[in-house]
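Down below are the structures I want you to see.
Both complexes below contain subunit A, partnered by subunit B and then by subunit C.
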Partner chain A sequence: MKFLKPNNLTELFSSLPEISGKKYFLAGGTDINVQIKNGLIPEGTIIYINHLPELNGIRQDENEIFIGALTTYRELLNSNIIKKHLPFLIHSLKNFASPLLTTMSTLGGNIANGSPTNDVSPPLLVLEAELELISQNDSRRIPFQDFYLGYKKFALKENELIKGIWIKQNAAKGYQTFYKKVGSRKTLTIAKVSVAGLKRIDHGQITKIKIAVGSLNEYPRRLFQLENFLIGKDLDTLLEYDISEILKKEITPISDLRSEKEYRFQVCLNLITKFLSLNFVG
Partner chain B sequence: MKINMKINNKPVTIDVDPMKRLLDILREDLHLTGAKESCGEGECGSCTILLDGNPVTSCILNAIHAENREILTVEGIAQTKAGKLLIDCFDETNAVQCGFCFPGFMVSSYHYLMYDGEPNLDKIKHALAGNICRCTGYQKIFRSLYLACERWQKR
Partner chain C sequence: MSSVRKIDAIGKLDGSRQFLDDYSYPDMLHGYIYYSQKDHAIIKSISFPKNFDFSQFVIVFAKDIPGKNIVPEPEQDQLFLAVYEATYYGQPIMGIAHKDKNILQQFVKGIKVEYDELKATTDIKECLENEKNHFGRELTIDHHQESEIAPDWIRQKHVYYTPHQEQAYLEPQGMIAKYDPETKSMFIKGTCQCPYFVKDAVETILGKTVQEVVVETSEGIGGAFGGKEDFPNVIAGITALLSFKSGKAVKIVLDRSDDIQITTKRHPARIEIETFTDPETKEIKKLDIDYRLDAGAFQTLSPVVLSRGVLHSYGGYNIPDVFVQGRLMHSNTPPNGAFRGFGAPQAFSAIEAHIDRIAHKMNQDPYQFRKNNLLRKGDEFPTTQKITEDHLFDCLERAVEISSYQDKLKDFAFWNKKHDNKKGIGIAIGYHGGGYTGNGEKILNSEIKIVIEKDATVKIYVINTDMGQGAHTTLAQMFAEAIGHPFSKTIVQIPNTKKSPDSGPTVASRTIYIIGNLLKKTALALKKEIGFSSLEKYVKENPAEFPKEIHNHFKQDPMVIFDEETYQGIAYKDYSWGVCITEIFFHAETYQIELIKSWNVFDVGRVVNEKIAVGQAEGGILQGLGYGTTEFFYKPGFGRMHGFTDYAMPTTLDLPEMIVEFIHTDETLAKGLGEIPMNFPAASVRNAFHNATGIFIDEYPLTPENVFKNLKSTD
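Let's look at the complex of A and B:
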């Protein structure tokens, strides 16, 4: 394995095209090192990026919050800006991995490793976050929901990396929020199902709703069909059956060593009805 | 590659593969064998150390991550007042059976004592959630950190 530590971004981008073979960015290394240990990483070049200041820090401008890709979970959970404006994000991520992992695990690495079970995606999806991507001569922003194209397939071009995440300061303002990750234990657990949601209810009617799920498809996603169905509906007249039928079209859970697909489907349905505060009997 | 870091308050320069695991550097190059390997994948916490004051699993940390940073290992912690208190409390509550997990629990406990220190069972459980013990059982371990917190507050 070759190794490169560029001194700065300019050096990084000028050297990238010259590297042949596989390239791996090394941020906190919590995914890569496990992959190396298990022989899952073919020979190539490891490019250290964890020291680059342009990819770091949490900042706030007039309307938005920027979270650098290298921000660690520990930094995010302790950030006063996030505590003040996006407490929903803290609530959602407070049981990420274990306190030993939060020190190194970065948000950019979590997104770019691209596991369907990654914890950061469902909350970012309902917050309608955007990703800033940078390459040698370009910087562009894309909606986070367009980042995943398939299982571990991303809207990243060659030699492009994630600079950071942008979230509107008022993204969750005035919404009732919901987040639940179901695993075998509270911490140090990979999600079997996770659901994030934002809703506004006016006189018993759903006026706004956003729902995102993780671990149920080849990548985390918003449930737009279900949202469209729910909007304008009266909570009292909703049928669990209808929700279930739409959910069947929108999620394709798998069976694996963690759980069976039927279990995943049922848990997802239960969480969504819980989010809607519907107490169906039976 | 030459890498500078501070280990237990001493400046150290080593010439290593930047991808070498910090756990191996500690154990093989520096003969600091307190941090132990069991899972080697960040799951069990037996290799826990402090990096700039924060707990990390050194089995998935590379040499390059420690460049110009401060590392405190269980050997360093054992020299401190809080470290000695923790050893006494683990001893008194019989929280160490085979002892393999103990260095990791010491480091996480020390971090909690310094960073928060409230004798609060829920917080203590969360602080130790990344450390796994296969023989003593957790109640005694929670109790020892709880006891250490109470004594640390009264000191």
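Let's look at the complex of A and C:
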């Protein structure tokens, strides 16, 4: 295994084409170090980018907030910009992990690691975040919802990486927000189910709705079919059966060492029901 | 009850205290235990990677053992190193050492073992349900009164299951062995609870080839919880063998993942309970228990766990007709071993769950029903041992009072009618026998040594280790307080088998109870014999008498007689008593049980150091709550866990508010404390869940998935 530490972005991009074999970007390293130790990365090049200032920092312009890919969770949680404009994001991530992990791990690293259970994706999905991707001569923006293509498969081109996350300042404004992560304990836990939601209800009618889930598919995703079904509906006409039938098409929970697929499905349904302030339970 | 600060507190905060991996010796090699990757297989061949300088490695197999390839345990059936056949995943096959840890790791990765796989039992239920897996040993407590079963007595028969539990000590297992070929002596430094057990193990594997084996513990031992009672024997044996073969110091410290996979766990249990209860008097008339433990691939010390398990299986109740059968079952999994409670947490998790079932059937609240059947002064255990104090009753009354148990029962019933989420409160009670079971303490014949130096420093030599539980603080305190000497000049020495006499293993809630009280007795006798008012002054005035060395042995009360065949007599001279009441909040959407508050009342006799005692109790309660709610190690279809990613112990955020109260602290005797807090929390949560939802769950832990499955099946 090789190790590379470029001094800046220019140096990084000029050296990337010369590296043969698999490339792994170390942006925080809280997961990749475990993978290395467990022998999951037998060969290839580890490219250390943790120190690159171009990928760091939280800024705001007129309408948008930019969160650099190397922003750590600690920095995000302490950011006055985020606290002011996106308290929903803080609320969603406050029990994210241990102080050790929040200090080391980065948002970009978490996203690009591609774990189906990652905690940051569901809130970013309902906030309709965009990712800025950069390569040697190019920079582009894509909706975050288009980033995952499959289990650990990404809409990244060769030698392209995440520069940062763009979120509209008013992304959650005027919405009722919801976030719930269910793990085996209150913190330091991997999600069994996570649900994030934004909604607007007008006279008992759903006028706007965004729902995203984690740990229920091969990657975190928005539930567009369910949203389309719910939009325009009167809350008191909704039936649990209908929501459940759509969910069956949109989520594919599995059983593993951590949890059971039946449990995951039911909890997801219960949480969405709770988010919609419906009460189907007897 | 003076709360002297723990002697190790500062050293652990500033990092100066030395744990095993902090020690190093010149030319020291790093060792690794290579273990079977199959549950049951013939080892056909082993091939080593080619691209290494083979001469730089030291490798030991079973054939290199000059002594006996048997780990000395109560049942001598475990091999140090597998011969031809591996009977569980994790069974050591060989030891390998090299001076460079990285090269060693790469070499180990390249080793290929060819196996012929054989049929294996790895599923807990498959092991416990099938009586053919029985190891052959059977314990029975027969207190049959041959009473006629009245036709109106209510019969209830249920099976309860408890899971594995990982000790999760902070510091993983480790040993250093340093062989001196000139003197043929072997020095062992280890993180362990029982240095004399380790000495025995090393002497066994090396046989007569060594003249002397000395075992010393590291300065700091980072937790043990029973996990460092038995497994250190295995790792010490292999480390010593590597050192013996290489003539160099060898250190083995297990990686966390290896530690979790190959070391002992708490035994999973299947406990079947049948009772007959008189509906008129609401008295339990007859109790039958079938208590089975999954011992793993070898029995090792499981017979002793089984023994304590059956002696705690009937709970704190006065039942005229009792029959208990205890058995060890075989599986192809690593041998299960010692863990805080030693068979008792399994026992109380079952009997206390069953008691709530009967109470429910009798239409009586769980507290009233317990009180109605409680073991009171003058009653006797099924072993015929007489109960001489009413302290279980006192614990129960106090816990019910401080928790407002009865008010809460009413309030919650009302609240629950209107809400999908539910509130519940549960109760579990019992006891824990202090010290070795039966005649054990007599056989141990523990010895202590005191040296009073010329400067009036008192050095206490005992082999009992301080693994974080504060034993060396409390032991010094007991001697110092009894003799009236400054605590700062009373120092327990690092346990070393050459210097410290065999005061017995650091297990069974016996360290303060047996050794502490022996130190106290020795101090008082010394004071009386010499007749001084201040030891310091006396030493100054009579320098010729010092240094002075004093030895003393523990003498068991001659009235303590236990028949190991019939299990009749005095199983434990002194019992600690305890009650745990836990309040929960059940989240209907996620099926999670949130722990709200836990009230715990104990009688452990005199409390020597209140802060340490409360700390011990809180730790045990948390460990018990995790046992009842989140911790499991094996899942059918998915196998065993490999680390802490999935093995979920509660964190501080999951903690309920904890109330710990000790009663009868004015007694002169300090009784066992280490294990009892672990015995009841699991059952208290399970009973609280029933109170909240009306559903009995008989399989621990009560994970949300387990709760969901049970709720669905009762729909």
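What we mean here is this: the second predicted complex is superposed on the first by the 282 of 282 C-alpha atoms of A that agree within 3 Å, B and C clash if a C-alpha of one lies under 4 Å from a C-alpha of the other, contacts with A are read in each partner's own complex, and residues count from 1 in each chain.
Note that in this section a contact is a pair of C-beta atoms (placed from the backbone, for glycine too) under 8 Å apart; a residue touches a chain by one contact, two chains touch by 3 or more.
Fair warning: this is a prediction, and the values are worked out from it, not measured in the lab.
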Subunit B versus subunit C as contact partner of A:L271, first or second or both or neither: second
Which superposed partner A:G39 touches (first subunit B, second subunit C, both, neither): second
Partner chain(s) touched by A:S259 [first = subunit B, second = subunit C, both, neither]: second
Subunit B versus subunit C as contact partner of A:T187, first or second or both or neither: both
Subunit B and subunit C contact sites that coincide on subunit A, given as residue numbers: 186-188
Touching residues on subunit C, where the partner in the complex is subunit A: 109, 257, 420, 588-592, 630, 635, 637-639, 641, 645-646, 648-651, 653-654, 703-705, 708-709, 712
Subunit A - residues contacting subunit B, complex: 1, 3, 5, 26, 28-30, 33-34, 36-37, 46, 48, 50-51, 74, 97-101, 103-104, 186-188
Touch list for subunit A against partner subunit C, complex: 38-39, 95, 180, 182-190, 255-260, 262-263, 266-267, 270-271, 273-274, 279, 281-282
Subunit B residues within the subunit A interface of the complex: 1, 17-19, 21, 40-43, 45, 48, 51, 54-57, 59-62, 64-65, 67, 108, 126-127, 129-131
